[in-house]
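Structures follow.
First chain A sits with chain B, and in the next complex the same chain sits with chain C.
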Partner chain A sequence: MTEAGYFDPVSVDEVVALLAADDEAKCVAGGASLVAMMNARLVEPSRLVSLRHVEELKKIETAEDGWLQIGALVRHCDVAIADELADGNQILSQAASLIANPVIRDMGTIGGSVGHFDPAADYPVALSALGAEIEIASEKGRRRIPVSNFFVDWYETALEPGDLITCIRVPPPPTGSTGIYEKLAKVKGDLGIAMVAVIMAMQGDAVSHLAVSVGGCGPKPIRLPEAEQALIGGSIDEAAIQDLVGKLSTASDPVDDVRASAAYRKLLIPRLVAQAIGQAKVNLRDGS
Partner chain B sequence: MGETISLNLNGEVREAKAGLTTTLLEVIRDQLGLTGAKKGCNQGVCGACTVSIDGKLARACLSLAVNSVGREITTNEGLTEDGEPSALQQSFIDNGAVQCGFCTSGMIVSSHALLQDIPNPSIDEVRDGLSGNVCRCSGYRKIIDAVRGVARG
Partner chain C sequence: MVAEKTTNEMYQVGKSIPKVDAREKVLGRAQYIAELTRPNMLFGAMLQSPYAHARIIAYDTTAAEKVTGVKCVLTGDDFEDHKMGPFIKDEGAIAKGKVRYMGEPVACVAAEDEETARAAALLINVEYEELPTVLSPEAALEAGAAVLHEDLADYFKVFEAIAENNLMSYTEISEGDVDKAWDECDLIVENVYETQAQNHLSLEPCGALAEVEPDGLINLWSANQSVFRVQANVCECLGLPMSRVRSMTPKVGAGFGNKMEAHIQPLCVALALATKRPVKMILSREEDFETVRARHPFKIRCKTGVKKDGTFVAREVELLLDGGAFADDSPGVLGNATLMSVGPYHFPHAKAFGKVAYTNHLRFAAFRGFGNPQVTFAGEAQINDIADKLGIDPIDLRLKNVLAKGQQWFGGQKVDSNGIYECLEKVRVSSDWDNKRKNSGENGIGISVAGHISGLLATGAIVRMLEDGTFVLNTGATDIGQGSDTVLTQICAEALQIPIDRIRTATPDTDASPYNWGTTASRVTYTTGRAVVGAAEDAVRQIKDYAAIVLESLADDLELREGGMVGIKGANKEVSFFEIAAMTHWGVGGPIVGSHTLVFDQSTIDPKRAVAKGMPFTNIGVFTFAAMVSEVAINQVTGKASAEGAWYAVDVGQAINPGLVEGQIDGGYAQGLGYALFEEMIWDDGRLANPTLMDYKVPGTAEVPYDIDTTIVEHPEPDGPFGAKGVGEITLVTVPASICNAITHASGVRLRKMPFSPERVLNGIIENEIT
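Here is the complex of A and B:
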């Protein structure tokens, strides 16, 4: 460590021991959000635990259960080109490629984005549609939390003091699925006004898999599993889509901010989602 | 104000003091007197503080000084050649690509990196490469001309 309280450990065990020893400690991955918050004096950590030399956190590998494990320290620029993400799972790469600009994508990490959990961040929306899990290490051991329980409220996650995200776990994509990630932003590279992620598969004319997640329109990504389920087995006609998008808009809880008003977002959701589902249908029909 | 660190800045070893939350930008500007990199937003948004760290573009305002030890840091000042403006820097002057000058250092460091990857960039490639740099005087056209001007030689 340095006099100032900066630590550069090399293993997960060391990191969790360092975090456990001090409640005010913060781990630093890319620093893109943490240093910005320190500059704004929103956080003043007593010690910083750098993750940059922890090799375990840099891997992308398939686990024994077939799930893909993306290390917390994998940067946005690498998620954007990860071959391991196929079919519908490509929404994670699409989301990564739309974060900020090349310099920030070179710096920021998936674990940092998930840990920071900005309500306008891109990954949470995609991870929610994927039904991903967050793996966490602490002094007590390792545990896995589904994203539906991990993202709790505005800027609030299930992380407790002393927790380290080790990897993001993504299930294998549904056979023959396609994925669409759409982000509506005022200018390229800005945080989105609203985002939508769709994963869909069809057998013949019938929908065999559908997951729709909406972001930027409330404290956490919105998913309505029951409404999605109602469309399975059907041909996903205009009426079915209108029913789903209406429910998503009703379930949203947007606020007015510098990017757009809450009312605008409510109007936007149905159009954005309908367009994404329409595009998914086209992709599946064209076999792309 | 923290401990003594040593930085490899523009090819020279420089000593500075850094606390836990001191950024590289603060060290470069306030202690080492290189004021090319500007503190605009201090949030990573504007690109005025852009420097290169180990050959890659970075935001000096989001880089911790304690984390920069042992890395090669290059600022706009470090891109001069024998004390004279480089061809790229001269092209910014000749093309009138500098208005108030606040964004200029960041623009030049980013353009320098762009030209190393793509020696003859198209207008769109320049726009993409500089998409993380904001010019409030909105002189983008002349900036693009300056970058493409040097590319053509």
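Here is the complex of A and C:
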């Protein structure tokens, strides 16, 4: 990389044009992952397209359809305190607040993290529970992909060469919902051994909304919409929880790595999910 | 919490003065090896082995040599067959003939800049023939296992090593008659314990800068714990006379045993000799992980027999250590672990023996505690199991059995300063042990005690009076950040009765400093401190002789007075150091130079009492003691243990600088906590899988309790400087055992394998629920 390979555009159109011109180009936002990978010589981009002057990517705003659009350049530290994320959607703030350390959170961006897609990272599991969408721009125009289709496999997303993530779209939270984000890490700020995100709402004793996502236990976040749906309308008793957590554990596909074994993660999923749902029930009962 | 100063009325000793180099470090002006430059300097880089065990068939360096900016490429063929090693001389400067671990340096490059050197190193082609690997000590010691060092029998060894094939060293110590003693016991407990490899993780990675002077002298700066060990290692493995290498040190960004013996210095010197230009090499964090050294993984079988009333009768300990590809300090670590296996207790019958084996791993070597944290973990965990079985409080059981005044250490060495009993009593009170032990809430507390050595080998000091009556103190001891320059200055200032700022501590330099074996073995305060007192006393004798002339008195009637004065006892008449300096520099006698050298000479083994085989050392050190209580919380959902509190009582003989003692306690605790809970180097079929700070996790501020309570216990060591002994290692030794015992108290789970990961605790919790 030389200085000649560094570009500083101001609009999304300019960015996608620069990306289209060179398959080996990379966008640099906070640099939290990219620069570390370049230092380790894992990637050697032919050109770097800086996003720091692209104002469109820095906004948090509510779209006409009522969805919240978080610009790709919004930093973790700002997601962590975003007032726009209310009720169950607060899991995204909780997830952001647990990423790495203050220095990284002051630099790293939501678009960068989502695009890099480390399955042990915090955002993917939270976005999966939220049912979020990723908005992408390219020379061909803009498109939106639900996260369930966006995260594909280990470090692999639906992004194609020339694509730029423009924003993360989050649907309005279910009325009266609460959100729980649980993460087990070796030390504070490390990538998670396992993460759980739960969004739940109840009407009286009956569950009116439930989304449960498990991260760090396979190539992408695990969600079982059918199993969740089966609990809607019920009182979410111990048996119902055990049924769901058992299915999630079965659906998981963890591997042994330097942080923990696959067997431990299998053991952990039911325990973490049951705890998170239990906490969600307490929150809803207490009105917090 | 600032440790309270205890009983002494000394002038400079016992005061928590700031480190003498604190200001330059806080301002970011202190220079470390990576910041040094020389005119016309080149940068070195190395190529590492992709195999754990392979024969080197051929090198092709043409592509690397063609790169613009490359000045020199060296391979094993460019090195003569010389070998270095502190115990067994089995290691060359670079792989030659074969590689013995993945990551071992096989070739090196010097180029105009670091990028070019690193890129060129990757262009060197090496043809290998793979050999079968041995990746555990058990596999290494099996009949027919691939042998790492075919010439082991011919290697020079500094002790009577019991070594053959992959057996690097066997050590045994026994007292009494263990085999018969089991019949006298009412309770016998036997378990197997396992510990993992830990990385030293100095903030500063290893590095060196070498330059050849026109007259052929090699100036060598490096991150080190001993300029003299650097000099010896470089000269041994390159076949140079020691008079040709001048070894020096900039500031050092910590050393925990990793910088005691050679790392990159020999390659750096070889490149400087080949290019006739200065060459600097700084290891990346990954290279440092992969090529320097680490803490030994241990397997420990520990068997303890006691009477019903808790009286200890017999202990037998069997050790098996992974030594890695080169001996380095392994025989010493095995020897010390054997000696520490019985702990600070009186056992009428005891036997400890063990083996360390060569394997195709990175060399394992010295690391804060030197084999003691491993055996203390096993022994102290087992003593808690015994306390539980007997229904005796763990502290009471220890108080009943710790070495009493006058009792000797295992092997027979006398113990003069022994504050272990007091340490236990103090920590019981400071931790509120009796209440916390009763209240079985979510948290648990655990106790452990240990003794450790402080001493070893040779050291010297020179105290020179300058023309104005101020002084230069030169010891050759590298301050690795722990504050030894400050402590030695305080000792010198006390002996001379002058303010700290009238003493300049010289930086270590093999051309100018008296010999100092190194900053290791918790030895600088105790051993070098003794030399400083001796040298200062030598200077004071001379000062008094000259003062006697000025004051027309007898030297015996004179006394030192605070602030650099000599006076007649009982009279006002006095003369200043300034006047003595002027007189000796310009008129009478000659400038004052005080000096003193010593080698630690107390015998470790008393042959009338103990039988020892394969001991790698004869005189290891005096004994320092600690007791600590840890508090942990266990997450019942995940099994994760977190530290909630720590209380220490440490017998340091005499705290020269209580603030720095506390620093050693805090640092030893944090490093021990990481070792206990999550640090682990993991190998995947010969490849180190986590050689980065992304994947190798150490405790941060969130993991270490804010307040580490410290009580300094002072039982003066008779020949220590003002009674002092070392504190650098003992503070880590006790941590894993106390955490392990706290986990048991909190959860009922007894772990015998480190680290105490959430997975191991949770499996234990689930197992207990089932049974």
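To be clear about the criterion, the second predicted complex is superposed on the first by the 285 of 288 C-alpha atoms of A that agree within 3 Å, B and C clash if a C-alpha of one lies under 4 Å from a C-alpha of the other, contacts with A are read in each partner's own complex, and residues count from 1 in each chain.
We adopt the following convention: contacts are C-beta pairs under 8 Å (C-beta built on N, C-alpha and C of every residue); 3 or more make two chains touch, one makes a residue touch a chain.
Keep in mind that this is a model prediction, so the values were computed, not measured.
After alignment on the shared chain A, the placement of chain B and chain C results in a clash.
When the two structures are aligned on the shared chain, A:K186 is found in touch with chain C, with no touch to chain B. Among chain B and chain C, the chain that touches a larger number of residues in chain A is B. Within the superposed three-chain model, A:E14 lies out of touch with both chain B and chain C [touch as defined at top].
Touch criterion met: A:G31 reaches chain B, while chain C stays clear of it. Look at A:D118: by the touch rule set out above, it reaches neither chain B nor chain C. By the touch criterion defined above, A:I104 reaches chain B but does not reach chain C.
By the touch criterion stated above, A:E56 is placed in contact with neither chain B nor chain C. With both structures placed on the common chain, the touch criterion links A:E84 to neither chain B nor chain C.
Note: residues 36, 40, 101, 188-189 of chain A belong to the chain B contact set and to the chain C contact set alike, using the contact criterion stated above. Residue ranges of chain B in contact with chain A, taken from their complex: 2-3, 18-21, 23, 42-44, 47, 50, 56-59, 61-64, 66-67, 110, 128-129, 131-132.
Within the complex, the chain A residues that touch chain B are 2-6, 28, 31-32, 35-36, 38-40, 44-48, 50, 52, 100-104, 106-107, 188-189. Contact residues of chain C toward chain A in the complex are 286, 637-638, 640, 678, 682, 689-690, 692, 694-700, 702-703, 757-759, 762-763, 766. Against chain C, in their complex, chain A makes its touches with residues 36, 40, 101, 184, 186-190, 193, 258-261, 264, 267-268, 271-272, 275.
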